[in-house]
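Got a structure here, written out as structure tokens. Questions coming.
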Amino acid sequence: MTVLPILKSAALAAVLLASTAVFASAKDVTISVWSGGSGPNDNYRTDAFDIAADILEREAAIRGEQLNIIVQKTPYSGWEDFKQALTLAAEAKKAPNIVATGHEDIGPWAQAGLIVPVENYIDLDSWPIGDIYPNLMEITSFNGAVYGIPQDAESRPMFFWKPYMKAIGYTDSDIEALPGKIEKGEYTLKNVLEDARKMQDKGLVQAGYGFYPRNSNGPDYWQFYTSFGGVMEEEGKLVFDKAAMKRTYQYFADLVKAGVTKKNHIGMPGDQWWKEVATGKAGIWHGGTWHYARLVNQEGLKDFFANVQFTLIPAGEGGKANTLTHPLAYLLMAGHTEEETQIAADLIKIASEPRINALHAIKSAHLGISPSETKVDLYAGNRWASEATERLLPHANAMPNNAEFGKYWTIMWKNLEATWTGAKTADAAVNDAETELKSTLGNSIIIR
Amino acid sequence: MAEKPQPSANFSSLPVILLLTLFSLPLVLMYAYLFIDTISETPVGSLIPNEFTLRHWSFLWQTKTGKPNIWLVTLNTFIFASCITAVILTVASMAGYVLSRLNVPARGFFLAGVMVLHAFPSVTLIIAIFIVLQYIGLYNSLIGVILVKAAIDLPLGIWLMKGFYDTVPWEIEMAGIVDGASRFTVWRRLVLPQIKPAVMALGLFSFLTGWSEFILPQVLAPGAQVQVLSVYLASLIIDDNNFDFGTFKAVGVFYVVPVLILYVFFQKHLMNIYGGGTKG
Amino acid sequence: MRTSRTLGLFMIAPASIMIFLFFLMPVVLTAIFAMTNMSTATGISGGAWQVTQAAVNRLKTDLPELADGIAEPRFIIDEEGLKELETLKLKPGFAAELRAEHMGEVYPSRREAERVIKALKDRPSTREVKQISDLFNRSVLNTRFETRDELMANLKKLGFDLTPQQQDIVARATYTGWIWTTDNFRIISSSPDMAQIFFNTAFYVSVTLLLFNVGYALFLALTTHYMQASTASVFRAIWLLPRITPVVIYVLLWKWLTWDSGFISTFMSQFGYPPKNYLLDTAYNAWFFVILINGFIGASMGMLVFSSAIKAIPQTQFHASEVDGASRLQQIRYIILPQLRWPILFVTCYQTLSLLASFNEILLSTRGGPGKATEVWSLAAFHTALNNYTGNLEYGLGAAMALVLVVVGIILSLIYLRIFRYDTLISKPLIED
């Protein structure tokens, strides 16, 4: 029994020590930055603030002020835990100053008052913000205010494993011309299914590996809805196009039925997916521009261009070829002093300068946010960045910023998953989705 | 130790031993490879290691990028588990005594309540627990999770302690009272020493569940400064960028060894508690 | 009498406070949340009133005139705003220049108004630009009002004098926070997905319980009973390992066993089977392993309870039966099992509750996949309320799902209380001081 009180007091003392914050001197400002979806290639999402803080401190010194910025960086590799931690922290008034997250969070977070418009702190006409692509700035706006500064851009191509394309009868020049044919709508999702089938029939890939989609929920699946003629939002109202959604659901059911995609594909482990895609176990798959960085840097796919062709997502019935850009944005979280938030905003502005942003764009194979960024040597000299920008970005859509979009997405995904695994027919899934959308979103969604 | 006579000793027990060994094989394999894989390299497609290495243990001296320092995390885990133990022991030994011995209003109601909570799916209340923590300002702090975890295990603790107190003879207390000591002194000086083994068992149990707890710190204290080993290891595993069983297992061994040591030394105490613990 | 009571109350106070804070409050809060539409977008602590485009759309049917009138942003440089600007004590040049150069100008967007303000010769900072433009805002569109009255006052200033009834409609359409609703229960009872999850849960709990927590536990207790004490203790020690191993490591071990680069794959590849992920390959596989993972943990409790119950059976009964030539199966059937009725009932009740509430193991192994195949109720509540890819945390719906478990938990515990007759457990204190 004598050990117990000692242990207790020692433990309590240790807790007190551990939870005591660093004693800050008057001129120190701590700026905390969190980012989601940040793997080893995405370190500049947060590291950019080290550079920005250094510059801002020097600028302050020249003006004769002493400013010492401590940047606290918290990158999260995934999304679920990141969003949970961030939302709860914000509710508990312990939010970070800056967060890099998907633009679709702007809607709900702005409605809940978790974030403040970045335009309250940054002059949008000033350089380098005024130089950012206007459509990207549009994507980070909500309710007439600009809430975030785009942190990167990307788009999501379809990938083809060249050796297998050749093995099923495509010549080099056919493969070269494929992006153009897809853009014109001459090669469609139906052809994807057929070619995937051919690859399997020839024994090039195992059953279920012909078409190898993303292994988890993601913005990617809205591309297929767009390919089949669906629209996500019109004039501030969400749109559920029953026919287009049914064709989308049906397509994935058909893929499974034809045996080119696995019935239990969703939820497979990420490490396995990457390894298989990088080593040519899959015939056709889709992903994002940043896949280039991961495949080349981590998964050991040395000669990317010799092995892989990339294109827009082909058109389906009733739609056209497209791709989706899902920019991350730097957002300012509410609940800090005006002074801190202003410094955070200044840091975001510096971090958005072309040379600094290009570090992230090239290292992680995302696309640049402004025309001047493409002129930075690092960016201009990169084959992937330049080709992907030219081939994909002009056709890019984005998901809408709508406070209710998350609910729509959850319902859309749930039913796609159910069709995919065969738990529901496409008809039933669309009907279930319609019922649930009506009951949860009511007037805020147009069903047609 | 003398072998105690077995019932039905005239039957051979070999077949059942063989059968059980077969069933136990997966577990034994998993634990054996848990240790082997941390210090060896195994070529792809083989099950037999061919090389000794300490590479997987590099997390001890190199802090991984984006992850907190392992020693800070270990310290946190130790503080976390110790404090939980301290809180549960203090609170449960008092409350258990009251329920066993003292005449307080609504004792039966309280006892019934403790028994209901004892088996209650408390983890489903996690959203609401978050709100409570947020209101008292303890979200994302070790103290907050310690209190929550201790509270969740408290009903079991109280229940156990009550059972143990029930076995202490009343005569001890009577004698103390006759000597002029207060009830509190009697409890502190006379009764508590009687149930030392129980305190020991409950303390071990609390320490182990605290050491293992995952979901509460994951949700209620996600910050890097307050992370514990379970959250640290889970975040390594979930990050598909660095998938490497060798490293995961090394962290796992680092994490599980204290548990195994306690288990080996105090197996008897633990068996008592894990077996439902309704008896003293 | 008094000392014992006071001391009792004092000694039980810490436990009462902790149980109140972390059991009773959460139960009450869960019940409250279950009656709301609380989510990330509505926030938890309450909302504001904001005329957004979406709100205008909602108002179009009921109050078309108002909706049209407030649909456009408008910024006007007028005397009222200039007066307010002068009282702000910023540089005097701002007001003077605006009055001289821009009096009466109307801008259809904030951006345009701010361009003019930014161009003032005294160069206001970005913060000041915001401050100034706010003074000339002559619409309510997209402005966040912290109180309802503030919004109504501003609407009145714009010339919209609303009846209390109309005010209610406007308030409802523009409120950003959560509202009371019973929708959550409607969704739970009508959605086919919920039915599927319910079925999954029933399947998971009953099969794990039957096969492992009771069945296999009984098997372990019986077989170890018929062994040398030392052998028996080895097996008991092995089967207690899953319970004492921290869950993250325990599930990691299973992942290693079942992963595409793991033990089973490597082992099977010796016989020419291509490697695959045995855990997530099909829904059947996933269920198989989910039940094994949980069952191996669950078996230990039953094993210990049953073992000690068997040990409590008088040895003479066994010896007597052996003299009569009873086989082991007969011993089990006629001596052991009848005396294990209560322990079995105890384990069944207790473990039903643990299984209903436990989602750690499934979360860490399959995350409810593949697809939604192994999603069980508690995990679904966790996913809905706290952990999903789109970051749309539906606290209200999640709480309603949790509440279902709470109710089931209370009912089962009450049954459990009746069975075990807790009232016999309270003895009257012998010292009455």
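Per-chain numbering from 1; labels A, B and C assigned in written order.
Just so we're on the same page, a contact is a pair of C-beta atoms (placed from the backbone, for glycine too) under 8 Å apart; a residue touches a chain by one contact, two chains touch by 3 or more.
Model, not experiment: these values are computed from the prediction.
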Tell me which of A-B and A-C has more C-beta pairs in contact. A-C
Give the identifier of the chain nearest to the protein's overall CA centre, each chain being represented by its own CA mean. C
Using only Cα atoms to place each chain's centre, name the chain farthest from chain A. B
Calculate how many whole Å lie between the centre of chain A and the centre of chain C, each centre taken as the average of the chain's C-alpha atoms. 25
Whole-Å gap separating chain A and chain B, where each centre is the average of the chain's CA atoms: 40
If I count partner chains per residue in chain C, which residues reach a count of at least 2? 44, 259, 261, 386
Of all the residues in chain A, which ones touch at least 2 other chains? 81, 84, 88, 91, 269
Two or more other chains touching the same residue: where does that happen in chain B? 90, 219
With touch defined as at the start, can you tell me which chain B residues reach chain C in the complex? 3-8, 10-11, 13, 16-17, 19-20, 24, 26-31, 33-34, 37, 44-47, 90-92, 94-95, 97-99, 101-105, 107-108, 110-117, 119-129, 131-132, 136, 147-148, 150-152, 154-155, 158, 166, 170, 173-174, 177, 182-184, 187, 208, 211-212, 214-215, 219, 229-230, 233-234, 237, 245, 248-249, 252, 255-256, 259, 263, 267, 270-271, 274-276, 278-279
Seen from chain C, its contact residues with chain B in the complex are 1, 3-5, 7-9, 11-12, 14-16, 18-19, 21-23, 25-30, 33, 44, 220, 223-231, 235-249, 252-257, 259, 261-263, 266-267, 269, 296, 300-301, 304-305, 307-308, 315, 318-319, 322, 328, 331, 346-347, 349-350, 353-354, 356-360, 363-364, 378, 381-382, 385-386, 395, 398-399, 402, 405-406, 408-410, 412-414, 416-417, 420, 422-423, 425-427, 429-433
Could you please specify the touching residues of chain A with respect to chain B in the complex? 1, 4, 7-8, 11-12, 14-15, 18-19, 38-40, 43, 74-75, 77-78, 81, 84-85, 88-89, 91-92, 94, 269-271, 274, 294, 298
Can you list the chain A residues touching chain C in their complex? 79-81, 83-84, 87-88, 91, 101-102, 104-105, 107-109, 111-114, 120-125, 143-145, 206, 216-218, 235-237, 263-269, 272, 338, 342, 402-404, 406-407, 409-410, 413-414, 417-418, 420-421, 423-424, 432, 436, 439-440, 443-444
Going by the contact rule at the top, pick out the chain B residues touching chain A in the complex. 65-66, 75-76, 79, 82-83, 85-86, 89-90, 130, 133-134, 139-143, 146, 192-193, 196, 199, 203, 218-219, 222-226, 235, 238-243
